[in-house]
Amino acid sequence: MSEAPSREAPGREAPMATVWLGGCSGCHMSFMDLDERLLALAERVELGASPLSDFKDFPPADITLVEGAVANEDNLEVLRRVRARSKVLIAFGDCAVTGNVTAMRNLFAVEDVLDRAYRQSATVIAGLPLGGDGVVPRLLPRVRPIHEVVQVDHFLQGCPPDADRIFDLVLALLEGRTPEIARRFG
Amino acid sequence: MSVKTLTINGKTVTGLAGTSLFNTAWEAGIRIPRLCHIGGLSDIGACRLCLVEIEGRPRLHPACMTEVEEGMVVRTESERLHAHRKLIVELLFAEGNHVCAVCVSNGHCELQDLATSLGIDHVRVAYQHPRRPVDASHARFTLDLNRCVFCRRCMRVCDEVEGAHTLDVAGRGAELRLIADLGQSWGTAESCTSCGKCVQVCPTGALFAKGSAVGEMTKNRAFLQYIVTAREKHEWIRK
Amino acid sequence: MTQPPPSGRAPPATKDNRQKLFERAMSRQAYAGHALIEVLHTAQELFGHLTPELLREVALKLKLPPSRVLGVATFYNFFSLQPKAEHTAVVCLGTACYVAGAPQLVQALERRRCACAAADADKEAGPARLSVQSARCIGSCGLAPAVVLDGRILPRVSAAQLERELDKIGITA
Amino acid sequence: MTPEDLNERAAAERARQQGFRERLHCCTAAGCLSCGAEELKRDLTAQVEARALSQQVEVQGTGCLGLCSRGPLVRRASDGAVFHELTPSEAGLLLQPGDAAAEAALAAKRLDTAHPFFAHQQRIVLENAGRVDPERLESYLAADGYSALARAVSELSRQEVLAELRASGLRGRGGAGYPTGVKWELVAKQPGTTKYIVCNADEGDPGAFMDRSVLEGDPHRVLEGMAIAGYAVGANQGYLYVRGEYALAIQRLQGAIRQAEREGLLGPRVLDSAFRFRVDIRIGAGAFVCGEETALIASIEGGRGEPRPRPPYPPEKGLWGQPTLINNVETFANIAPIIRHGGAWFAAIGTERSKGTKVFAVAGKTAHTGLVEVPMGTPLRTIVYEMAGGIADGGRVKAIQTGGPSGGCIPERLLDLPVDYESLVGAGSMMGSGGLIVMDEASCMVDVARYFMEFCRDESCGKCVPCRAGTVQMHQLLERFCAGQAGEHDLALLKELGTLLREASLCGLGQTAPNPVLSVLRYFPEELDQRLHHDAEAAAAAAATEPA
């Protein structure tokens, strides 16, 4: 874990990020369900990298929520970079915590999964999306929860975690409290 | 029958000779985690969650299969026991394919409850993702081995209460599997009476009634105590 | 494994009298449920492997639930629910054999087995030509590494020697 | 047969034996059989007949002569000389006594019986190996066979037999070393008339073949020990649970039981006394866990060989819920000599807390491999260097492994440890059944630990969670170490799983499964360390891209 940048002045918005790996984006939808609390949050954090914002390189963050499991080579690379640039990293939702639905493909060989998705079920053009052009990242042999690859500071379960719990957690971290995550595994 | 006096977690309790520590603790309001034990069936001491410390004995003992003794000093909670229980539940999650988000028992699952009460927030051991079959051949029930924790409650209730002995386990070690009759699909097992007791005692979503959607499968375990009371005490009217 | 335990008393089995011998073996055990393992031993010895029909018959005659019979039959390494291959090579993977190079013998055998399977791929389905198994210890540690080929122990065998033995029984590369 | 008949039969057999000018004992134990011992014996018998020497020379099969790595072995009774790797023509030279040329030709094939491999042995359990024909009852009788049983049933009370046992200080040879006398007394004092004797001959440790050698070479000795036990504790039925892999042992035991029953040594009136004792064989079907006593009981009862929690212990509630005495082969093999010579005689051998001798199966990288029986207290160093001759090619011993998958490794520097239960346990290993594997500098200890964990994983019955799922995880972690992909947290997890298995598993298999790993952690931590990837995240990423 690399050193996260210190905040330049008190009262300044804390840099925060959300990341979307191998997941359905449902956890991000749940984040949107913060509704009017998003406004309260916006006063305290500055959302840097996120699927909801535009960025080139992942800017350092105090708090990073990672949705989804590690499913392909891009996920792996992104996660390692994100870990290096995040002060506190949270496994955000069941796919990040356990692998969940994303990891259900682990019961099958990668080739079989691709074959089923891109050949057998194809309606327009049947063919694997593997051009070696670097556009489509290669799938990893097995989908993994993120703690199997990087160190994780907090685990927020749920499929998806409900908005209240997301808010409580982020708030606690902003206030420097040890978050009490209402536990409900799986 | 003689009465034994013992101490559990510093509390003096009494139990009839021949009673298990688990039941004696339960009567005294002390809850010990468990998975394979269920009141009304024989015990097998397999899940190791109810292990307790007994003063003067180097080993840990399963509360479900240890009889009370005079002067016993028992501890059902300690750092060591907690660590063991936690790791056992993690091992169970990693061993099968427990995808709570799509499970009929989500929210009514004993495995999930155990994880929650033990404070598990992630599983440290590697997920195995074994390939296990789902048997939906029975007219009313489904057996999803992905969610099976091999507590063997189903095979015991089938044998001991229903008397059919349709279910048993085959193979061994990590290759263990639940079978009906000669391993054929459940729907074709001649011995099955379709009584559904196995479904009701199953702690997870491995056995469920067809037509249940995610989180809809709740189990009714009261029947077991009812049958046992009826048989042993000849009380057919529920009090 | 070496040959399954001999019942010792039984006359040689032919196709016609196997059923009779099997019945006699069960009767000698007074059809007792606790003789299940002995009965399964005899069944496999006579019929080569345990078919569902055999298991069903055992369950019926010994008055046992079928799932219990299958549960026992699948618990022990000795019992096979699949037909036997024409030839069986058992590599001892006991500690002594392991440190003496048994893993290389497994590799050599597997290569042959794959070659045979590939050669037979377009033939009609039948029992495999060679089955490669491992044993936990055949108790011949003084002869490590050891392979039991069709019931015969090959002591202190090298991969090259083993391949020559396979040539002799027609399991060629 | 009465005890008097027994004496007469033994005397007659001894006289018959003395009538021969020479007796040649061909080792027909499994090791030698696989090197052509049967053919050699047949050929030698034919040569004797061809030379019309049948009245003068006897050729007989016998139990394990010990040095399995040099078979087939033949022992010449007249001077005790042992010859190795004989061809039939060389064996023919044994029929030409006084022929200097023949003797000179044989010299190269003559084993030095003064070699420490033989000289340091003290044989109680194996006293008949190389002397008795396992297929002839008479041969066993001539070696005082069944005289201990005769003495027990005709001269001693049950209490007196138990007293001898207790005085002998004999401890169980199968594993933890529970005092045999105490166990027998526990069973003896149980009320009721239905009790069982079980002989655990399910020797399953990879690298151990002592019991096999006793069963194949001296089957009656085990039956005699079981019968004495039956008399002492009040049991009338015995079961011999033999590994299915031991076809020859099963065959010889079946033969021995038939002979003993025919002669009234077993059966409704043992040696014409009121004591009734029957022995049945139960053939194992390939499950290591059945060496655990409650699993063994489940298996004899015809079920899956799954253990159940103890207590109750088998002496109180065993086979079919009845009091049951379970000992292993080597333990039973010690009984007859103890009754013959008295408990005090036995107690004079060995150390303060470990009495008698122990048979070890020495295997691995040593110059000589085979069976040795040494008094308790013999330093391991003596066994490894003097008796087994150290590493074959002059290499260096790195460690030895005892106790199989339940034991651990002992580094070279600790080889001065004496062989006894407490020392081995103190060193993190255990006596176990007596397998002793010697490893040289080229052996990787992490790989050995991985090997044993794989064994336990495959042999786990699957009943309890820690063993079923924990061995899978520990094995995978060790694979990661071997592949250089393990990080610090893997090491921590490995230790935590080890503790769980040791403390929470249902039976001995799971409880001791971590021992090989723990002993590597204790004695060879640097080997694990070398394989540790010090950038944990890079290791994890590397693991993620590789097929699991």
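Some notes on this structure:
Here the chain labels run A, B, C and D in written order, and each chain numbers its own residues starting at 1.
Here is the rule we use: a residue touches a chain if its C-beta (ideal position, glycine included) is under 8 Å from a C-beta of that chain, and two chains touch if they have at least 3 such contacts.
Just so we're clear, the structure is a prediction, and the values are computed from it rather than from any experiment.
The count of contacting C-beta pairs peaks for the chain pair C-D.
Once the centre of each chain is set as its mean CA position, chain A and chain C turn out to be 52 Å apart. The geometric centre of chain A is 35 Å away from that of chain B, both derived from CA atoms. Chain C and chain D have CA centres that are 25 Å apart.
For chain A, residues touching at least two other chains, in rising order: 142, 144, 148.
Counting partner chains per residue, chain D shows two or more touched chains at residues 287, 304, 458-459, 461, 548. For chain C, the set of residues touching two or more other chains reads 68, 71, 75.
Taken together, the chains touch in the following pairs: A-B, A-D, B-C, B-D, C-D. By the touch criterion given at the top, residues 1-6, 8, 32-38, 40-41, 68, 71-72, 75-79, 93-96, 98-100, 135-144, 146, 152-155 of chain C touch chain D in their complex. Considering their complex, residues 30-31, 33-35, 67-69, 71, 203-209, 212, 243-247, 250-251, 254, 282-288, 299-306, 361, 363-365, 369-370, 401, 404, 435, 437, 439, 443, 448, 451, 455, 458-459, 461 of chain D touch chain C.
Chain B makes touch with chain A in their complex at residues 93, 97-102, 106, 109, 111-112, 115-116, 119-124, 126-127, 129-131. Note for the complex: chain A touches chain B at residues 91, 94, 97-101, 103-104, 106-108, 142, 144-145, 147-148, 152, 154-155, 157, 159, 181, 183-186. Listed in rising order, the residues of chain D touching chain B in the complex are 287, 304, 308-309, 457-466, 468-473, 476, 489, 493, 496-497, 500, 503-506, 548.
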